[in-house]
Structure formats: structure tokens, C-alpha cells
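Have a look at this one before I ask anything.
Chain naming follows the written order as A, B, C and D, and within any one chain the residues start at number 1.
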Amino acid sequence: MSAIDENHLHADPGIDGHHPHHGLSAPPTHGSAASPLQRERARTIFQKGARGRRAFVCPTRDVPAVDAEELLPARFRRGAPARLPEVSEPEIVRHYVGISKRNFDLDSGFYPLGSCTMKHNPRLHERVAALPGHARLHPLQDDEHAQGALELMFNLQQALAEVAGLEHVSLQPSAGSHGELAGVLLTRAYHEDRGETRRKVLTPDTAHGTNPATVTMAGLQVVKLATNADGGIDLDDLRAKADDDVACLMLTNPNTLGLFDPNITEIARIVHGVGATLYYDGANLNAVMGLSRPGDMGFDIVHFNLHKSFTQPHGGGGPGSGPIAVSDRVAPYLPVPVVVREDGSSADAPTFALDYERPKSIGRLRGFHGNYGCFVRSYAYIRSLGADGLKDASEVAVLNANYLLARLRAHPLPGGGTVADYLPLAYGQLCMHEFVLSGGPMKRELKIKTLDLAKRLLDYGFHPPTVYFPLLVEEALMVEPTETETIQTLDAFADAIAAILAEAAEDPEIALSAPYTTPVRRLDEVAAAKRPVIRETLVEATG
Amino acid sequence: MSAIDENHLHADPGIDGHHPHHGLSAPPTHGSAASPLQRERARTIFQKGARGRRAFVCPTRDVPAVDAEELLPARFRRGAPARLPEVSEPEIVRHYVGISKRNFDLDSGFYPLGSCTMKHNPRLHERVAALPGHARLHPLQDDEHAQGALELMFNLQQALAEVAGLEHVSLQPSAGSHGELAGVLLTRAYHEDRGETRRKVLTPDTAHGTNPATVTMAGLQVVKLATNADGGIDLDDLRAKADDDVACLMLTNPNTLGLFDPNITEIARIVHGVGATLYYDGANLNAVMGLSRPGDMGFDIVHFNLHKSFTQPHGGGGPGSGPIAVSDRVAPYLPVPVVVREDGSSADAPTFALDYERPKSIGRLRGFHGNYGCFVRSYAYIRSLGADGLKDASEVAVLNANYLLARLRAHPLPGGGTVADYLPLAYGQLCMHEFVLSGGPMKRELKIKTLDLAKRLLDYGFHPPTVYFPLLVEEALMVEPTETETIQTLDAFADAIAAILAEAAEDPEIALSAPYTTPVRRLDEVAAAKRPVIRETLVEATG
Amino acid sequence: MLDAIGVGSVQEIFDRQIPEDVRLGRGLRLPAGQTEQDVFAHLSQLAARNTSVEDELSFLGAGMYDHYVPAIVDMLTERSEFLTPYTPYQPEISQGGLQVMFEYQTAISELTGLPASNASTYEGPSAVGAAAYMAKLHNGRSRIVVSAGLHPHTLQTLRTLAHGYGMEVAEVPLVSGSAGGVTDLDAWARAIDGETSAAIFAQPNFYGVVEDAAALSAAAKSPGDGDGPVGAAAPVVIAQADPIALGILASPGECGVDVAVGEGQPLGNRLDFGGPSFGFFAAREQYLRRMPGRIAGETVDVDGRRGFVLTLQTREQHIRREKATSNICTAQALNALAGVVYLSWLGREGIVELGELLLARTHYARERLAALDGVHKLHEQPVVREFALRLDADVAEVRRRCAASGVNPGVDVHALSGREADRGVLLVAITERRSREDIDRLVDTLAAAVAASDQQPAGEAVAA
Amino acid sequence: MLDAIGVGSVQEIFDRQIPEDVRLGRGLRLPAGQTEQDVFAHLSQLAARNTSVEDELSFLGAGMYDHYVPAIVDMLTERSEFLTPYTPYQPEISQGGLQVMFEYQTAISELTGLPASNASTYEGPSAVGAAAYMAKLHNGRSRIVVSAGLHPHTLQTLRTLAHGYGMEVAEVPLVSGSAGGVTDLDAWARAIDGETSAAIFAQPNFYGVVEDAAALSAAAKSPGDGDGPVGAAAPVVIAQADPIALGILASPGECGVDVAVGEGQPLGNRLDFGGPSFGFFAAREQYLRRMPGRIAGETVDVDGRRGFVLTLQTREQHIRREKATSNICTAQALNALAGVVYLSWLGREGIVELGELLLARTHYARERLAALDGVHKLHEQPVVREFALRLDADVAEVRRRCAASGVNPGVDVHALSGREADRGVLLVAITERRSREDIDRLVDTLAAAVAASDQQPAGEAVAA
């Protein structure tokens, strides 16, 4: 018995999946509700194939035979092989093509997932990222043989610096939250270098979960800031809490309510007044590119989510990339390496190098130089759009959000009233690139919750908005359409929301039991967490 | 009014598609039978977008302005622009990704379409075909700068010659039927060069439709040959019809019944005896690669379907490629160009050239040198499998077909009997790479036709076999599993056939009204042909 | 598995079916199988020995053009759902492919100004052959009159096929001299008689020159100086057109053409050393039931849903066999998909803008090149994106010199056509990928190459 | 649209929300937008200025390896359905992604011999950091003992992060001399005390050498010579493992390791100049509720269908905020997909065969190279697919000479680690892409380069 067999994590709960001969039960005739995808039972790749089957053909051993023990003594060798799948190439292809069809994706429909900026991913980016000169470049290739990559990274650093209004960039962090970690560590380094040990980081109660989580990981303490009636930072609360034990204020602007904080200059003044740094969570940068710059607002540190504002495809949950830009005073602490234009290289034919000589640097946050494959895509994006295009993108993102908000607000319902009566805007009148509705009235009057609305939207063919975030809005529904959607799509989405509310007025059960048409219906998450089954049970095939 | 508006071909029959606001009607709740794909109304790309929308950004005009009339006088210019779609890139992507989901494909399931050899398409082939050195090579590049391509073509010619057992190859024909046309024209040229004008071409009644159609296009007359009780050529009929007005006998071997003609040597003797040529329709070559060669059987001309035996993906109906191999006596007439190894080039570093100097050639059959992109894929396939692999492929193809045949034969049905009672093998006992069942007994006893069986198979998630071909078998069902399917898949397919027969025994209506779960159900083909609507009606959008 | 079949070995299955004397008693003489990485390496090495349009500044055209293929074309054609099915014989599970055909037919119909498009034929020249065959089916006559402005491959293909069809081909010359380059209208009218089945010209023609399509159609259909045909006796007028040029040129439909065919490669297809691409084929309504190839048509399903099917199949070989209107079966569906995706990408305004850009850049290139010493315009007529020059030097030598500088200045027309009159002629193609800067580089390179070659008597080869 | 919103212009929407003093009153100082073809050309030019593993014979490794990535990986990761969705927050429409995670977790669990795998972390070194943080959450202690055999990037990353975590890092040296190269077991046992939160080593270590993982685990968990910990007081034993080597090496689970993490790039991921790839993270069951990152779990839907969800989310930042076990949110799902597709492609037998091939070729290369004049094995211990040599010449110079012959002989260890002891050390990686022929070419090239460099005093640069 191997180590794996001694635990409970992979006991099959007896649901299904025990090697049915094939995936389909008898298909429906008239009047059955199960769609073809619903009839297919989920079977993992480990439940397919047969002993000895394979796709890989190993190159022949072209070197002289050597005694196995000399190559690798038996005590270092595995007892039994890893029980990987045993499948042919056609089986792999069919398996993954098949399960891919059980995903909804951005290329198939509207994906207004608030805070995630699900904008179209141009396929040009995949094409250029796949060029062997980028995709098959080893990270330890000498600088002189990687000049194209270094130039690309340098140019991207410059472009991000310009968009942020902060001059110094590190491309290293792997995602937004990794950028946050870098940012808080930079803040610590900054204060420590000045002989100060500040312990507190202010985060508004609208903050994304990664902000407080990051603060803890970086060894500091979270102090929450209240939100005022307009959805911005409560200045009094800020003044009360801003003391010289505060290392940093982390802010998203526009914030997670989709609102630009009009007091940003005053906020910066207060924070800088106590000697703390101001951190910009760049997840919402898509609202202000070329229109307003964090650096100009007084921020010291900014992270970008290249997978949001700069259209890296989201990959089902990554990869992403979270570069940071910082002000002069924080620059000395930036992680290594940074790409620099080499001194003495000519303006016409500049050369670039990875610079590790930064004595005050906080060090590395990961291996190598960051997610270069993402840099290629986002750089292609920036070159495609250019200065004006980036500004246009933000303008249309904001226009689309406000249009959708207005359409929903005005959308009449058959029983009288409009969508806004059940799903009012939580704060403010206009919004930036996204807005947050409250499902409170809907819950009280129509007896369906935001979750039910979201599940019913699945039947209408839409990815639901973000739900239950930010936390301070009751039954929150956070809608971010992005600039790459058409007015037809926005209208159709508004119609769907209105239709669901109308259905609920008739019969709340419709939404409460939704969805109906998805490959699986509502899943038992409680059972999943209670007795976790997080890997497949492997039954040794006989023979 | 443009020329287009004056006809009836694009009058919308008023079915649907008139710009519904969005594709979905209210989705089902419990108990509705429509799957998500069924609820989507088909809307063409011309019904999407909006005036002025676009994906393409035109490069800026970087040359001096010139008077439009000087560039192109008005009388040569279009009256009105072609009303192409006006859509953004995200709309194009969503549109085509969306409709792609309305296709069944080989990567999604079993596709035993007889005569079509739907074997797995390795993705390596797409990778190598996309290499810029292949994909972006201009066909008029000088030979010396296209040595890689010419070597590849030369090697492919050699490999095909070896598989066929005939030494001379032209890669030019674009598909099987194009190869047939080349073959019949070669036959004509051969006879004409000897001063003979023979008018008749013998084709068995099992022949694929392209054979007789080709004969007519090539200016000759079809004379049908009868099939004997064993499914082979009726030798008496052949002897009776073989006279000196016969130019050629076109044969598929194994034939479209999946049977290898045991009299092939005698057939060749008779045909050659009257001075005619013997043509091999290579669509069924997948049965005999490395096992038996057309050249050795006495054939003079062979066409290959690279998209069948050599796994070019079928693309929804092409591209294909139909090279031909011929014997010495036919070689002088081969189409130009042919790739040759240059005289005097060294064995170590041979050089290759396109040879046009073939005075007796029938000429060209198309532009340039054939479907090179297909050559790359099939060459990669041949190199991957090698001599043994090709033979293995044929062996397993034949094994799989016989196994499936046996499984079906023995598969018991709930009401007694086996599948074979309703779907007997039309001819013979064993088969080669495919077999033909007759649905006659099924039709008489269970009241469902082969068409109904096929439609019900769709609900079971399988692509049906070829139906109603070959014509001489009543209610024919022609099954070709190929070598790339697993035994699990074959078993599941046999189970599905048995299940459908069992269903029909209970209630024939189930199959008669099938399918139920497909994006659309049975379509009105008669109406489509009666009043053809073969293009979208374009309603000028206002504004 | 063997047990189920009732045989002792796989060999037995073959032994029982294939007579021993036609069994191959040895292994195939082919290299042994290779691993995926080795095949990839081998094919990469072969690719590296080709000079693609990425490896030099190329002005090659003459039928296939280096237009930019947008990334979405690859993405969509590589989707399993489009890449791996076959012809949509089962329409219920093939609506994707059928709708693509229907959309493609609409786009081609719009481009050509003709109502009836099929879903694709093999490629350009064979599409011309297919059109001639349709003419024969239509009017039963056997004379094909062709303009000498057709691509040499088209002329050669047509001759090969016409022999099979039992038709003969009569060639009408172009007007000669620099003011010429278009089909000789008088000769054209004279050549067309009551026995003429089809009259075929190219637009723009092989030398890049814009033909007066309306005049050629009219002349073919109305009494000429000689014994030209009238009305029902008129031949089928066929134009082989460049689909990119059709974005700005009067459409064949507008010009009175009956059938428009052409090479689809410029529409989003790779160069692929000449194939696969697709041939488009569009005609007036009266030819519909004699057209070759697949045609998708609109209909409804039993529940009233809009859907598409292969229609008018009684034309086709699998139904009509020796009476079919064509033998075509597997065509070029995936390439046609690339075509309609590309046309959607260009869009209604984009195709015009692209055409205008090509006009302007081509004009610029032609004027600048023709201003060089020893370089002359072959003709003065308007061109769209390709033009012919006559060099005072040996074209092969000039091209070699240019190649040494990384420039491929275009096609050596004589080498392609074999016609004496084409000696010294260079055909230069301009796409949107060739910027003014690129053109200027061509000008400089060609100037130097011609000057260097002038030193030597034309026609004498230079050791490479 | 503006009417619906009730504003006169888009500008007004911004004017009403963004105070004037923080509006950017000018355009961004960035290049103007470009067409698709121009961006493609620009990015192609940049790519052309990189020397990829296709452009030279490369023996670079040290954390990322040029294994062959089968074509199906690209095909599947490029499918819209996998490429473009985000984290599966709505499981009903994300079963594809969730099942991939579940399968991936199973494969990693098999490879590591540990039951609980998450669905991916960023990459190798940060995964080690994440494991150390988990150890801190687990036992509340703050001392991390590390083997000097960890990759320098891992050591550097760990130091950066440990500062944030409030932990300190103590390094245990490797045994020195050619018979060494493995973690000094005595020093390791001595370094680990009751305050030790985590004990971390690499398998194989940075120099390619196979560590005695079982001994290191045992030593960490049982009383050593000094004041080693026992039982509950034992630290969390963490191994940073190479996933390809795990195909043949005793699994961390078998060896008593608690947490196995590592760089996933060798499993079907591109080199991509260092990222994105993925970090794997697997642990014993008792750590499950303190693990970082997404975890997919199996469950049923309301109709009883098998399905998958993100589970144990109460660990995560979006639920637990400052009390979360990690701040990770967006991870590396697509890269993990590539990983599990690759592992399925290799398969149960294939991964062993591959490992054996690497063992054999690496042994061959090491012996042949070490037989050269001026080239020595750094250690004698077994290695799997990478090994270190000491050169009697300047490594930088030798590498330059080799590069001139199109060979990249491996990593200059001193340049990477900055450690004095690494001067003169070359780290050579062998993958299945490097045939015997390739290795022989390396041998010849390195021999010549070392010989040429011997002539000159080591350390003196050669003009390129």
C-alpha cells in the first residue's frame, strides 16, 4: 500500500464514475429534459484507456547500456510507477475536447464578471506568443542572445510606467496578489530602511480579499477603513486611524463599487502626512487608462493585472501577471532583476540587460524574470491600441457600464416598476467601468437571492456577474461589461435580467431551482467540503 | 437594384432569422425538451453586427495621393460595395465558435462513415504544416529556394510509389475524383498515342459515384459490370463486355462492400488481354497498406486519397489530395510538373527540381503543384508510422472492422435473436477494413429504415455509418471503424445499434421521429431543393 | 478480439481474403517510424530549406498573393469542430459546417454580383475548367473562346480538360504594345460564333491589367463585326476574377458576366506552396441546376427551426452518377471557411479600403520602377495590385542579383508561360504587407541589379 | 447610448466623477496604435533577435528544460473553452475546468506519492515559499532550515518571503568534494531543532545530484546527534522536486516527506523565457485545510450527477480575507492543464521510459565530458538529467566559444548563484531532445573550447 492509499481523500463517494461501459445512458425521445451534455456522466482520464495503452513513443536508447544500479541505485528508485493515465492520443484528444464543452467561455458569450475585466482576447496575441523566438527562449539564455525579449520587457516597463504615472517598474510578480505582496514588502523595506517598523496597513471594507490576505502574509496587521455614504473612503475614519504606526493604505480606485473616490487627493495628503505609503490595487485600471494616473493621484506603488486591463486570456484561472510600478522613493527596493537599457548603448541601437545590482532590493519573488509569455501578449495589445486606443478602451468600458446600468434602471417589468426597484445601484448615480447592484429588495420582495438570479442567468446563456462582493453591499451583484461588448449584447443581458425578475414575480421557484440546462445543475458544495474527495480513486485494472 | 436582387434565390422563406434581438427565447425550466443549442435560432454573420463596424484596420496610405480616376477610371469601379458583414473581431469569434458547436466532429466521437476512413488526425501534422517555411512558401519560388518542399514532395512520391507498387507518381490532383479524372485522361492519352480511340469504361455497379461521373466528364462512356454472389466482379459479365472498345476498367479493391476481389489476377488478365488499362480507386487503400499492392495486382493507375488513408483532416468537406501512381506504360502521359531528383546531383546532397519537360504529358489539371499543405501532413504521417506502422494501421483497421462485425452479429436482442437477424452482412463472411450491412430485414420486420437507424444513432452520440451506398445493397449501412478506435468504442457502438433495434421492436416511432437531441431535428430537404434559398437575404440597415 | 471474430490471428483474416499471389511478401521499403519529436525535427529542417515570404522581401504573385492572414482564421480553422468532420451528410449534426457554406455562398454572391454560388471547387484554374464544362452541359456546344490574358496555368488546365470534354479552345490575343495589354475586343467578337459554348476572360488579367469586362460581355452577347451570336445563341460568358480586386472593381454580375470563378487563396488562405486553397464559382440563376459541387440551402426542421442542408443534390455524382453535372466530391470546405472568415474580418468598408490602398501602392511602385533606366512598363492600362515590366536585362539574372540582396522582385513571366513574347517580362505583385519603404527598397535593389546586368549581354547566365 | 445614460458626451461621465486635478490632461506618451500585420511584424522582429532552443544546440537547464511539448498540448490549451474563461466560480458551467483540476490533482498526487494536491501555484520557487508559510501556519514556528542544494532562485525567493512571514532561514551546506554534492546529513540534523518550522531540500538538487530523501526526512523527524526534534515537534519536511525525475525516483511520499512542491514547466509547458509555467503543491492529508490555492473536489448535483466544485474555500482570501491561508487568487490553471495533458500523453509506462532514457543519456554525457582534458565531474553521485562539471578554464569564455559554434553547453553556475564556490562550474542538462549525436557534438565543441581557452589565463574575456 502506498502512502496515497492510506487516506480518505480519494475514496469515491459512490456517486458515479465507476467505469460505466460508455458515457451515455439511453438518450431521450420526446419530452425528456436532459440535454446531451447532461446525459454524459463525468469520467476522468484515469477512468479511460486500458493497461499498456499510450500516446508517447520514447526515443530509442542510443547510448551504451550501463548497469541500472550504476545509473541509479535501487534505494533511490520508485517502488511502483506513478499510476498515470494509459491512453492513446485519440483518447486524450476526445477526452479533453469533450470536457472542454462543459465549460462556458468568453468566446462563447457575455462574461460580465465584475472586477475581472473579461475583455476579448485577440488571437493575434496567441500567434505572437507562440513564435519560437519567444516561446522557446530559455530564461538563462545570455542577455546578448535575448535582446529581443529584453527590449520587449523594457518597452513594456516603459509603457506601464507611463500608464501608471510612476517611473519604475518590476515585471516580476506572477499575478495581482503577488504584486500586492511585492508592494507590501516594498513598503516594509522602505520604512525599515528609514529605521521605522510600522505595523498597520489600512484597507477599506470594500477591498478585495487579496489585500488583507496579503497584509497578513507580509507580516503586518490589517486595519479596516469605513466606507462613506457616497461609496468612498470615510475621511473621518481615515483621519482617526492614520497614525505613525500605519505603513500603508491599500486602495482600489475606482474602487470595487465601481466608483472613483473624489477625495483621492485629500486621502493621499493624509496618508503621506503620517509618512505612510499609498498602494494602488490596479485591478480596476481598465476604467482610467490614459484618463487618470495613479501616480498623479499620489500613489506610491501600483500593481497591474495584465490578465485584466491588458487582456491576457484568463486560462480558467491563470496564468496572469502582476507587474508593479513605483515612485522614486520606493524604487531602490524593487525586486531583482529589472531590465535596463545599457549605459553607453547608442540611442539607435540600444542594448538591454537584466540588472541584479540593486543593493537595497527586497530580492526575488519567484524564479527567473516573470511571466514573459504574458508580457508578449500585453505588449502586443499596447502596440495594437497605442496611446489613443488605450484611452478609447477605458472610455468605452465606462460608457458600456453606464449604458447597461441605465438600461437596467429604466427596464420596465410586466408587473410594473423597473429593474431598479429590485436591484438598485448600491451607491452613487453614475459608475466607472463597473457597477454594483444590491439584490436586497429583490430578495425581500421576490423571494429570490442574488445567487438564484445568477443561477438562472446560466439558463439564459450568460455568465453571471460577480456575486456577494463587495461584502458591504447586501446581496451584491457586480457587473463589468468591458469595452469589447456590443450594444446588442448589453441589451440582451438587460432583457434577461428583467425576464428573470418577471419570472420570479410569477413563480420564485423557477430561479430557486435554476439552472436547468447546464451540464450539471446545482452542486452540493457542503458535502464536497465536509468529506473532501480531491483526487480520483484508482482501481487497478486486472491484466 | 443590383443584379443580385433580381432573382429568387435568396428570398427568405419567412422561417426565422429575421434579426431577433438575441438568439435565445426564454430558456426552459423543468420538463422542457429543448437543449440549449436547440433554443438558439440560426443567425448568419450577415445578421449580426451593425453598420460601420469592423475588425480590419487598414494600413495607412503611405504613398502620394493620386487622382482616383487616374488610378482606376470610374467605369471600372463597382457601383456599390459588396455587402460583406460589418462585425468586430469579438463578434466574428463568438459567431464562428458558436456555430462550430453545432457540428459533430471526429475529435468528439466515433465517426464510422464507410468509405471515408475517418481515422484520427494527429495534431503534430497541423503543427508542421503551419511552419512558415511550408505554409508561407510561394508556389513560384525558384526551385533552388524551395529545396525543402521539393525534397518533401519527392520523398512522398517515392513513398506512395512503394505503397502502390507503381513507380511513377504525380501529386497534382486535388482530391480522389480529380485523381480519377487524371487517370481516365491518362488512359485516353495512352490509347490515343497508340492510335486507338476506345470509348468505353467498365465500372462495377458497386462503384463510387465519382467513377461514372468522371468517365462522362472525360468524354467516355460508362458500361456497368455486374457483381457476383460473393460480392466480386461477375467474371462472365466482364468477359462478355471486355472488347477492344474498352479503354479501362475502374475498380476499388477491396471494393465498396469491403471485400477483396479474389479474382483480381484473372480480372487483370482479361482487361489487359483486350488492351485496356486497369484503374485502382484508392479510397479503400487503408485495408491493404504494406499487405497487398495495386501494382502487384496488375493495376496501371492508382489514385490515393491522402485525406483518407493518410489522415489529412477532412475539414468539413476538404481540402483533400488525390495523387496518382502509374505503371511504366502510362508514365509518359503524367501531368506536369513532376518532382525529380536532378541529374548529376550527389547522393549525399541531392537537389530536386520541378520537371515540365514531358512532351507526351496530358498537361496540367490545376494551378501550381497540388495541395502541398496536404503533402506535408501525409508525409509526416508516413514518417511517423514508417513501414511497419503503415502495415499495422491496415491490420488493425481490418481487425477492428471484423471485430465490430462479429460483435454486431452476435449481439443478442431482448426480444430474441441477434443484430444480424435484422442487419445481416450483405455479402461474405469476413470483411476487410469496412463492411456493409443490409437494413432490409430491419425495414420489413421492425418498420424502421436505415435512415431512421442512422438518425437515432445521432441521439446516441455517434456519427452514423454511410447509408444507402453501395446502391446494390438494400437499405445499405456501410461501417468503417478505422484503426484508431478502441475496443471500448466499438463495443459501445454495437450496444447502441442493439439498443435501437430493441427500441424499434417496442415502438418504431422512436427511430422514425429521431433525432431528438441534435441542434436541429430532421430537416425538410424537399422544400430546400424545390425553392432553393442559397444565400442570405440582406436587409439594408437604416443609418 | 480474435476470439469474437473466430480467427486465430490477424494474419488469418488476410489469408482468408487476399490470394497469396497478390500479397506483399516483404516489408515496405520505407524508413522506420519515428517519434513525434523526430518527425517534427525532420519537417522543420525541410521547412528551413525553403525561402518563404518571411525570409525575403517578396513581390511574387501571379495567382497567389502574400496577403496578411489574420490570427482568427487560424484559430477558427484549427477548431476540431471545423477541422475534423467530413462533408455534412447528416445535417442535424452538421449545422455549423452547413451554415458556414451558406454564409460563404452569400459573401461570394455579393463579391461577384451573381446570385448562385456553390460551396467551393478545388482552386482557380480547375474552376475555370468546371465552368467550361457547365457551359457545355448548358448549350451543348464545343468551342471555348479564351482571352490570352488568362493565367498560363488556367490556359494549360483548360486545354487538358477540354480534350476530355470534347471541346476545343480558341485563343484571342491581347492588344499589343504599351497601350495594350487588354483582350483585343475586335478579335474577341470575331472569334465568338454560334458554335461557341463559352467565352472566358480574366479580370484583372494575368498581366495585372483591368479588362473592360462590360465590353467583353456585351461583345460576346451581341452581334459583332463578324458573325457574332445573339440572345439564346450567345455563349456563356465566364470571368476568372481576383476576389480582392472585386472589392473595388465593377462586379461580374454588373458587367453582364454569366459565371464568375477564381482562385480563393487571397482570401485568408495560406500560400502553402500553391495549395490547398479554394476555387469560387458563382453564376446567374439559370445555371443553378447545372452547377458543380456542394450547395447549402436554407430550410426548416420538423419543429420549424431554421436550418441548412446540402441541396440540389440531384446534380451530384453520388446521386446521378454518370449523369452528374460534375465528378467533384471532396472539395475545399475548410479553405472556404477561411475565406468567409477573412471577408467578415475585412468587412464591407474594409475590402474597399484595402482595394484603394493596393491601387495607390501599386501605382506608386509601377511609376517608380518604370522610371528606372532599363525598366519599362509593359502596358499603360490601369492595374489593381500587380503589373508587368519589361527589363532591358536578363530577368533571371536580375532576379538572382536581387535575391542576393534578400529581395524577390517578382515572377519571371517567360519562365512561367514559356511564351517568347514574355521574355524580359517581370510581374510584380503588391499586397498590403508591402509598405512604401519596402517598395523603395525594391526600387533601389532592382535599379542596382538591372544596372549591373546591363554590363553584360542580356540572356547570358551568371554563375550563382 | 448617451441619451439612455442621460449625459451629453462620454467626457461628461468622466468629468462628473474624476476630479479635474487628477485627470490626465494630455495623451499618453506611447506609440500610436498599429494594424495587426504591423504588430505581428514587430513582435516577429523581436523574436528573431532571441536565440531560442531551436536556434542552437542547447544544454541549458537549471530549473527549466527543453522537453518536447507534444502538439496536442497546444491544440487543447488553445481551445477557447479552456483558454478564455476565468476561475470556475460558477461550477455548473465550468465542469470542464474543474474536472481538469481534479485530474491534475490526481496526477500530481500520483507523482509525489502524497494525497492532497492543490490545483496549482505560480511556479517553483514561490511554491517553496508557500510551503514554508503553510508550515508556519501549521506549527507557528519561525525557523526554516534549508539545504544549500536548493536552486539559487529558490533560496533568494525564500529569503525575501521569509522576511515578510517573520521567519528566518538557516542554510545547511552540501558535502564538499567530488564524493559530495549532497546535503550534509549531520549538519542537517544538527540544524533542525525544536524551533524549526520547516526543513527544505531539493530532489534532485540544483547540481543535478540525487539526494537521499528518505534519510533527510528521517533525520528531520527523529532525534539527531544534537538536539533534534521528535514526533509532534518535528518540522514540516518539504521537498522541491523535479516532476520528470519523479517518474523514476522514490516519491516524496514514500520517503516520508510532508510537502512536495516544484516547478511544473518540464511537464508540457513552454520555456517562455521563464514563465508562465506552474508550481505544483502536494501534501499529506493533515495539511489539507491549510493549503494555499484552489482545490477542486468531487460532489453531486441536485439530480445526483457526478460533478466538481472548488472546495475548502474557507481557506481562501475571498472568504477568509486577512485570516486566509494564502493570498493567491489567479494561479496557473492553463499551465496545469498543459501539465496533466502531458502526463496523460507520457502515461504510466512512458514516464518511466523517459526517465530511464534521461538517466542513460545523462550518464553517457557526463562520462564523455568528464573524460576531456580540463573538464572534471564536480561530484560523483548519481544524477538524473543534469550534472555539474568543473572546468579548468573560464566558463564565460568557454561558453562564448561554444556559442560561436552554435552550441550552448549549459549554465554558468557562478553567474547564476553569485557564489564564489561555483566559479568554474558548468551545469549541463540533457533532455530527450538531445540525442547521442547531439551529445557527441557537445563533447567535441566543449573540448575545443576548453583547449582554446586553456591557452589563455582563465577569467580574461575574449572580444566577441
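Rule of thumb we're sticking to: a contact is a pair of C-beta atoms (placed from the backbone, for glycine too) under 8 Å apart; a residue touches a chain by one contact, two chains touch by 3 or more.
What you see is a predicted model; the values in this text were computed from it and never measured.
Between B-D and A-D, more contacting C-beta pairs join the chains of A-D. Chain centre most remote from that of subunit C: D (centre = mean of CA atoms).
With centres taken as mean Cα positions, subunit B sits 44 Å from subunit A. Per-chain Cα centroids separate subunit B from subunit D by 46 Å.
Inter-chain spacing, taken between the CA centroids of subunit C and subunit D, is 50 Å. Mean C-alpha positions place subunit A and subunit D at a centre distance of 21 Å. In subunit C, 33, 36-37, 40, 44, 54, 70-72, 74-75, 78-80, 432 are the positions where the chain touches two or more neighbouring chains simultaneously. For subunit B, the set of residues touching two or more other chains reads 53, 58-59, 89, 93, 97, 101, 107-108, 122-124, 126-127, 487, 513. Those residues of subunit D whose C-beta lies close enough to touch subunit C in the complex are 36-37, 40, 44, 54, 68, 70-71, 75, 78-80, 432-433. By the touch criterion stated above, subunit B contacts subunit A in their complex at residues 21-24, 26-33, 35-36, 48-50, 53, 88-91, 93-94, 97-98, 101, 107-109, 120, 122-123, 459-461, 484-489, 491-492, 495, 499, 503, 510, 513-514, 516-517. Within the complex formed with subunit C, the residues of subunit A that make contact are 57-59, 93, 97, 122-127.
Within the complex formed with subunit A, the residues of subunit C that make contact are 33, 35-38, 70-72, 74-75, 80.
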